[in-house]
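Chain nomenclature is as follows: A, B, C and D, assigned in order of appearance, with residue numbering initiated at 1 for each chain independently.
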Amino acid sequence: MALTLRDLLVQGAQMALVLIVAPLLTGAVRAIKAHLVRRQGPSIFQPYRDLARLLRKEATMAENASWLFRVAPYLIFSATWIAAALVPTFAAGLVFSWAAALLAIVALLGGARFFLALAGMDVGTAFGGIGASREVMIAALAEPALIMIVFTLALIAGSTQLSTIAEFMQTPAVGLRVSLALALIALIIVAIAENSRMPIDNPATHLELTMVHEAMVLEYSARHLALIELASSLKLVAYISLIACVFLPWGIAPAASGWWELAIGAGAYVAKFSVCAVALAVFETSIAKLRVFRAPDFIGAALMLGLLAVLLRFVSQGL
Amino acid sequence: MSWPAPDFDPVPVILACPAVAAALLAIIPSYRFSAWLNVFASLITLIAASSLFTLPQHAGDYVLIDNLNIVFIALNAFVGFTTSIFSASYIGHEIEIGRLTPAYLRFYHALYQVMMFGMNLALLANNIGLMWVAIELATLTTVVMVGIYRTHEAIEAAWKYFILGSVGIALALFGTILVYMAARPIVGEGLDGMIWTVLMQHVAHFDPSLLNVAFVFLLLGYGTKVGLAPLHAWLPDAHAEGPTPISAVLSGLLLNVALYAVLRFKLLLAANAHAIAPGPLMALLGLVSVIFAAFMLYRRRDIKRFFAYSSIEHMGVIAFAFGIGGLLANFAGLLHMTMHSLTKSGIFYSVGHVAQVKGTQKIADIRGLTETHPVLGWTLVFGVVAIAGLPPTGVFMSEILIVSSTFARAPLLALQLAFGLLIAFGALMWRLTGVAFGEPTGSRAPVKASYLPMFAHLALVFAAGVFLPPVLVAWFQMVARGLG
Amino acid sequence: MHGASFDIAHLLAGALVLVSFMLLYQDRLYALLNVFALHAVVLAASVAWQAYVQDAPHLYVTVAIALVLKAGIIPIALHNMVRRMGIHREIETVGGIGATMLAGMGLVALSMMVMLRVTAGADPLAREDLAFALAVILLGLLIMVTRRNAVSQIVGFMSLENGLILAAAGANGMPLVVEISIAFSVLIALIVIGVFLFRIRERFDTVDVHALDRFRGERL
Amino acid sequence: MTASPLLALAPPPLAGSLLAIAALLALGPLAVLTFRSRLSSGLIYILAFVASVTILVAGATHLWRSDSVESLTLALGLPSLGAHFRLDALSAAFLVIVDLGAAGACIFAIGYGRHETARGRVLPFFPLFLAAMNVVVLAADAFSFLMGWEFMSLASWALVMTHHRESENARAGYIYIVMASLGTLALLFCFGLLAGSGGGYDFAAMRAHSPAPVAAASVLLMALIGAGSKAGLAPLHAWLPLAHPAAPSHVSALMSGVMTKVAVYGFIRIAFDLIGAPLWWWGLIVLLVGGLSAVLGVLFAMIQTDLKRVLAYSTIENIGFVFVGLGLALAFEANGLTAAAALAFTAAIFHAFNHSLFKSALFLGSGAVLEATGAREMDKLGGLIHRMPATALAFLMGSVAISAVPPFNGFASEWLTLQAILLSPQLHEWPLKILVPGVGAMLALAAALAAACFVRAYGVTFLGRPRSTDAADAKETDFFSLSAMLSLAVACLIVGVLPGLVMDAFAPAAQLAVGAHMPAQIHDRWLSIVPVAESRSSYNGLLVFAFALASMAATVLAIHWFASRSLRRTPAWDCGFPNPNSITQYGAGSMAQPVRRVFADFVFRAREQVDMPAPGAFEAARFRVDVRDRLWDALYAPIAGLVAFVSDKLNYLQFLTIRRYLSLVFASLIALLLALALWP
C-alpha cells in the first residue's frame, strides 16, 4: 500500500472532522435533552463557546498538583483523539488504520482513562479518589465487554481492522445474526458506561456522591479542563462512530473510492450521527440514574451479552 | 593409595587398635590425655581402614573383606575419627560447665573404643554368630554411654534402649539359629553353617521356609537396631538423652552397622529362588518408617530427638532403596547411607555445640541462631538443608536417584516415598526456620566449637552433590551390582 | 537319632511349652517365680538330653547355668526383691488371664503352622524342636507384653531366652551355643541388677517412683 | 545474517555462559569472605552484573545469528549421566529474558545494596541465585535441571529469609520452600515418566522416545504442577505473594520478573520439546489454569494494601496470561495449526519477556520507595511524585506498560495473545470452542482489572498527599537504582514501539517449540506487527507512538499559542470543602472498595462490618473488612490441618510405655509370621 495524497487527505480530514464535530455532538445531545424536558436549553454550539472561554482563562492548579496533573490532559486528549481518528467515520481504508486495529483503539481509550484516573488522584482530595475508584471499577467491567464485542466482530468479519469490518458489514455475507444483535446491545451499554452517560453517571451533575467522571476532573480548570472536556466529547464521537461504522455501515466510502463516494459517506455520517445523538438524548431522558453499586449489574450484562455473542460465533463457525 | 606395603594386612590393626586403645584408656584416669589418645587411636583405625581398599577380597572363617563391607568400614572409621575430635571438645566443655564430672567419664573413652571395636568386628565378621555378638557388644556399650549423664531421663532412655535392644538381640539370635538350622542339612554341622561366604555358596539349596522365618526374625531383630518403625522406640530417646558424640555415632554408624547385617541376610535370601523376596519386606518397613517419622517430626520439641526422628526417616529411605533393589537403587541406597552418615553426624556436631551454648535442647528456646552464632547457625542450616535433600548436596542426588529408580519400577511406591519425603521436608524446614532464624533468644556467648569435623563432613556432602569421584562411583557400582 | 531319643527330646520340648503356659496362667508373683524355676529345670533337662544325645559335653555348661542361675539364684533374688521392695504380689495383666491363654494357644498354633511348612526333608528333630522353641519364644514375648509388673516381665524375657537356648541346643553342632547362653545370662543379670538399681517397682517404664509425675522427655 | 567480526571473536556462547555461571558461583564464597567490607556489596554486584551481561550477550548472539544447537557435557553431577548443557533457541531466548532482568537487578543493587543492613545474608546468595537460574535454562538432562531448579529455590529461599526477624517473612519462606519442594518432586516424576523404563535422563533420550498417551498426559499434569507452582499458577500460587515481597526488593524483582520465567521455561521445555506431540485437551487444562490465574491474581492484587504484594499478585496474573498463550499453542499444535501455534507461542514468550521488564522495573521502584520511606504499606505512602520524581516516572512507565496501554510493551504482547484467541475458532474440539472465548473474557477482564489495579497502586503511592511523615520526608534514591529502573522502563517503551524486532528474535524459539514460526515482522511496513495477514489485524507501536507524540505536540503548541498560558497555584478546590488531613484522601482500601464489592461474594468472601455508634456516643465508628482467600481455605488449610491431625495422632506413639513398644514389636512379628504362614 503506497501512501497516496488522497489517503493522507482523507485521514487528515477525519482527524479534523472528529475534532470539529465533537463539541457539536455534546451540544446537540444537551439541546435535544433540554427540548425533551421542555426546557429552553443552550444552543447546540454552546460547547464551542465553553471551550473558547475555558481556553482564555487563567488556569488554577492545586498547590500540590504534580507534573502528572499538568501533562495528563494532553495525554488524555491526544490518546482519545487518535482513537477517534482511527475509527472510520465517512470513509473506510484510513491510511493509518492498520497501525492500530480495533483492539488498539480500545486500548488507547483505556490509556486515556488510565491517566484520567491518575490525574483524579493527584491532588489528593476525597472526590478525586471517589471518581477514580469508581471509574476504574466501571472500566474494569466495560473494557472486557468491549473486547468481547471486538471478538464477535472480528470473528464475523475475520479481522480486527475496522476498515475491513466496515467493508465486510456492507456485503450480503453478513446476514442477520443473533450474535451481532447481542453485540450491538452490549456495545450500546458499554458506550453509555464508558462515556459516563445515564444511567451510569450523570454528565450534567455535580451532585457529589453520585458523580464519577466529574469527580475526577473536579480540580481541573481552564485549558486543562477544556482539553478534558474535548476529550470526553471525542470519546463519545468515537463510540458513536464505532456503532455507526459497524452496525450502520451504509454509505461509508470504501478504500480507494472517488470524491463522490466520499461525499456520500460524509452525508451518511452526518445522518447517522444525528440519529445517534437523538437516540442518546431520548434514552437519557427516559431513564433514571442507577446507584453506583447497581452499575456493575448493568455493565455486567454487557459483558455477558458479549461473551454470549462470542460463544455463539465460536460455536457456529465450526458448523 | 600407595604407601601401605602390599603385604600389609590392615585387618588386625582395625580390630586390635580399638581393642588395645580401649584397654589402655580404661586404665588412664586423665581425661585430657585419654581424649587425645582416643583421637589418635581413631586415626590409626582410619588409616588402617582406608588401606583396606588396596586389599584383595578374601574370606576366612571369621573375617571377610569384600567390596560391601569396605565401604561400611571406611565410613565407620572416618566418622569414628571425626567424632572423636568432636567428642574431645564437646566433653571438654561439659566438664567445664560441670554437667559431667571426670568420675562419670572414667570409662567414656574406653567405651568409645569398645564400641568402635564392636562395630568394626561386626562389619568384618564372616561368621553370622560373630556378627551377632559384635553388634550386641556395640549396642550394650552404647547403652551405657547413653546413660552417662545419669539424669532421670538419660537413665530412662538407656533403660528403654536396653530392654528393647535385648528383645531385638533375642529375635536376631533366633533368626541366626534358624539360618544355621537351614544350612545344617546342606553344609553340615559345625562352623561352616555360620560362615556367610559358605552359606552364600549353598543357599540356593537351603530350605526356603526356614529361611523365610529366619529372615523375619533377623529383619525385626536387627531392624530394631536400625530403628525402623515400628521398632524404633528406643532410638529417639537414646539420641536425645545421651551425650551428643554418642548421638552422632548412633545415627552415623550404629544404625548402618545394623543395616549392614540386614543387608547381608537379604543377600542370603535373595540367592534362594524359592524363599520369599526379602526386598519388598524391607521396602515396606522402610516406607512405613519414612512416613511415620515424617509425621513424628512435627511434634518434636527437643532438637536432638527431632534429628533422631530424621534418622529414622533416612534409615527408612535407605532400607527402602535396598529393598527396591536393582543397580540404580542399590547405588543410590549406598550413596544415601554414606551421605546420611556424614550429614547427620555433622548436624549432631553442630547441634551439640548449639545445645551447649544455649544451654538447652528445647527447640522453642533456640531461635535466631544465624544471628547469634553465624558460623554455627549457618553450618546447621547447611546441614539441615542437606539432610532435607536440597541441592547441591549428595543427599539430593541420592534421593533423586532413589525416587526416580523406584518410579521406573513401581510408580505408586515412589509416590508414597515422595509423599513421606515431602512431609518430612516440611517439618525439617519448619524447625530450621524457627531455630536458625527469627528474633534471637538465649546466650550470645561465643562458642568454643571444633568446627573441623562439621566442616569436613559437610564439605564432603557438598562435594559429593556436585561431583562424585569416578573411583568412588565405580566402587559403589561394583557393590551395588553385588547387592542384586 | 533313633525313635526313643527323639520322643524324649520331643517330650521335654513340649513340656517346656506347657510350662510356658503355666507361666501365662499365674496371677501371683511368687507362684510365677516358682513356675519359672520349673521352666528352667525343664530347659536344663532338655539341654542335658541334647548334650547326651549329641554327645556334646560342652552343653552341660549350659545345663549348669540353667540350673544354678535360672532355677536357683535369679528366682530367689527376685523373691527377695519382691519382698524387700514391697511390690504388689498380684500380677496385673492386660486383657485378663483367659484372653492371654487364648492368645497363647493361637501363638502355639502359629508357630506350628510356620515351622511345619519347613520341608519334611529337613531334620525332623530340628523341625519339631524349632516349632516348640518358637512357641516358647512367642509365649515369652506374650508374657512381656501382657504383664505390667517388672518382675513378671523379666520372667517373660527369661522364658523367651529359654526358648532360644532350647533352639540353640537343638541345633546339632551349632558353635557358640554355650557362649551365647553365658552372654544371655549376663544380659539377664544386668536386667535384674538394673531393676534393683533403678528401683523399678511396678513397671519397666518408670525407673523411679518419684518420677512418676515428672514429665518424660517430650511431654510438657 | 552476517556475523560481525566482533561476534566472531567471542567465545562460543554456551561455553561463555557456563564460564560466567561458574564465575557467579564463585562469587558466593567470595561474598561470604568479604561481606564485612564496605566495598564488598558494590564489587559483588558489579561482578554479577558483568557475568549476567556476558550470558545475556551469549544468548542474544545465539538468537541473533540463529546459531545451530550447541551442546556440552561436563563430568559433574550424576555419575553415569554427567551434566549436559545445551544452548538452543529456546534456552537462548530465556537466557536473554533471565539475564536482562538480572542485569537490571544488579545495577539497582549496586546502589540499593549499600543500605542493606544484613549484607551477609544477601550477598552470598544473590549470585548463586542468578547462577542457578541460568543453569536451569541451559541444563539438558533431568538431573542438572532439577539440581539447578531446586538450588534456585534454595538460594531464593535464603534471600527471602534475609529479614528473618519478621515472623511474616519466616512464614513466607517456609511456605515457599515447601511448595518449591513439592514442585521439584512433581518435576522429578515428570522426568521419570519421560525417561520411561529405559531411564534415559538426558533430554536427548527423552526427545527420542515419546511416552504413551496416559503417561504423556501425566507428564503434562506433573509439569503443570511442578513448573506452575514455581511460576505461581493458581491454585498453587499461595506462596508467591508471601515470598516475593519478603525478599529484598532487587531479589523480589528477580523472583517475580525472572524466576517465574524460568518456571515458564521449564514448562515449555517439557510440554513443547520433550513430550512429543500434544493432545488437544492438554491445551484445555493449561488454558483453564492460565485464565483462572490471570483473573484471581489481579483480583487479589486489587485488594492488597502492601505495594510489593500488589506486584506479586500481579505476577500471578501475568503468568496466567503467559500460560493462556502456551495453552493455545498446545491446542493449535494438537490440531495441526502450526502457524497459529507459533503465534500463540510467540505471544506467550513475548509476554514473558515483557513481564520480566516491567515487573522488574516496578519491583525495583517499590524497593526505592521502601528504601526512601521504610514503608511497603500504601496507606503510609502518597505524594512521592514530588519527592522522588525519577522513581515516580519509572514506576509510572512500568505501570502503564503492565496496564497494557499502547504504545508500551505490555499492550503488544497482550494484543498478540488476543489475536491468538481470535484464531481459535479453527480448533476442532467443542470443549475448546466453548472454553476459549470464556478464557478470552477472563483475559480481557484481567487486563482491565490490571489497569485498575495499577491506577490504584500508582495513585495511592505516588500521587496525592503524603500519608506519613516518612513519605513526606522521602528522598530520591541513588543514581544506580535510578538508572536501573529507568533503563528497564525505557526498555518497556522501546520494545512496545518496536515489538516486531523482539518477536523476530523469538522466532527460532517458536520454531523449536511448535515447529513453525511467525512470519518475519522486520520486513513489514514501518515495523508494524502483522501476526497473520494485514487485512486481519496489525499493530504498529511506532506509529501509535509517533501519532501520540505528534498530536500531543500539536496540542501543546496549539494550546500555548491560542490559549492563556498563565497558571496560578491555589489550594485544592475539592468542591469547596478541602480537608488538610491526609487521611481524607482515598487510600488503598477505599480505592479497592468498588471492585471488592463487585466481586465480594464470589471471590473474596469479603465481609464488611460497620460499627456505628449510637447518636450522641463519642466512640469512633469502625469499619472493618475481612477478606479471605477461598483457595487457601479450600486447599491449603485442610492439608495443613490434616498434617497436624495425623502428627497429633501419631504423636501418642512417642509417649508409650516400654511394654507397649514391645507390643508393637510383638505385633509386627506376629503379623509377619502370619503372613508367612498364610503364604501360598
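Throughout what follows, a contact is a pair of C-beta atoms (placed from the backbone, for glycine too) under 8 Å apart; a residue touches a chain by one contact, two chains touch by 3 or more.
Fair warning: this is a prediction, and the values are worked out from it, not measured in the lab.
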item	value
Interface ranked first by C-beta contact pairs	A-D
Distance from the mean Cα position of subunit D to that of subunit B, given in whole angstrom	44
Centre distance in Å when subunit A and subunit B are each reduced to the mean of their C-alpha atoms	77
Centre-to-centre distance between subunit C and subunit B (centres being mean Cα positions), rounded to whole Å	31
Separation of subunit C from subunit D, taking each centre as the mean of its C-alpha atoms, in whole Å	68
Overlap residues in subunit D, where contacts from two or more other chains coincide	654, 658, 662, 665, 669, 673, 676
Residues of subunit C touching at least two other chains	114, 117, 141, 144, 204, 216-218
Subunit A: positions in contact with at least two other chains	none
Touching chain combinations (by label order)	A-D, B-C, B-D, C-D
Subunit B - residues contacting subunit C, complex	129, 133, 136, 152-153, 155-157, 159, 162-163, 166-167, 169-170, 173-174, 177-178, 180-182, 184-185, 188-191, 193-194, 207, 209-210, 213, 237, 240-241, 299-302, 305
Sites on subunit C touched by subunit B in the complex	114-115, 117-119, 121-123, 126, 130, 133-134, 137, 141, 144, 157, 160-161, 163-164, 167-168, 171-176, 179-180, 183-184, 187, 190-191, 194, 198, 204, 206-208, 211, 214, 216-218, 220
Subunit B-touching residues of subunit D, taken from the complex the two chains share	75-80, 120-121, 142-143, 146-147, 150-151, 153-154, 161, 164-165, 167, 170, 173-174, 177-178, 181-182, 185, 188-189, 191-193, 195-197, 199, 201, 643-644, 646-648, 650-651, 653-654, 656, 658, 661-662, 664-665, 667-669, 672-673, 676, 679
Subunit D-touching residues of subunit C, taken from the complex the two chains share	94, 107, 110-111, 113-114, 117, 138, 141-142, 144-145, 147-148, 153, 203-205, 216-219
Sites on subunit B touched by subunit D in the complex	159-160, 163-164, 167-168, 171, 209, 212-213, 216-217, 219-220, 224, 230-231, 233-234, 236, 276, 281, 292, 295-299, 328, 368, 370-371, 374, 385, 388, 390-392, 396-397, 400-401, 403-405, 407-409, 411, 414-415, 418, 421-423, 425-426, 429-430, 433-434, 437-439, 465-468, 470, 473
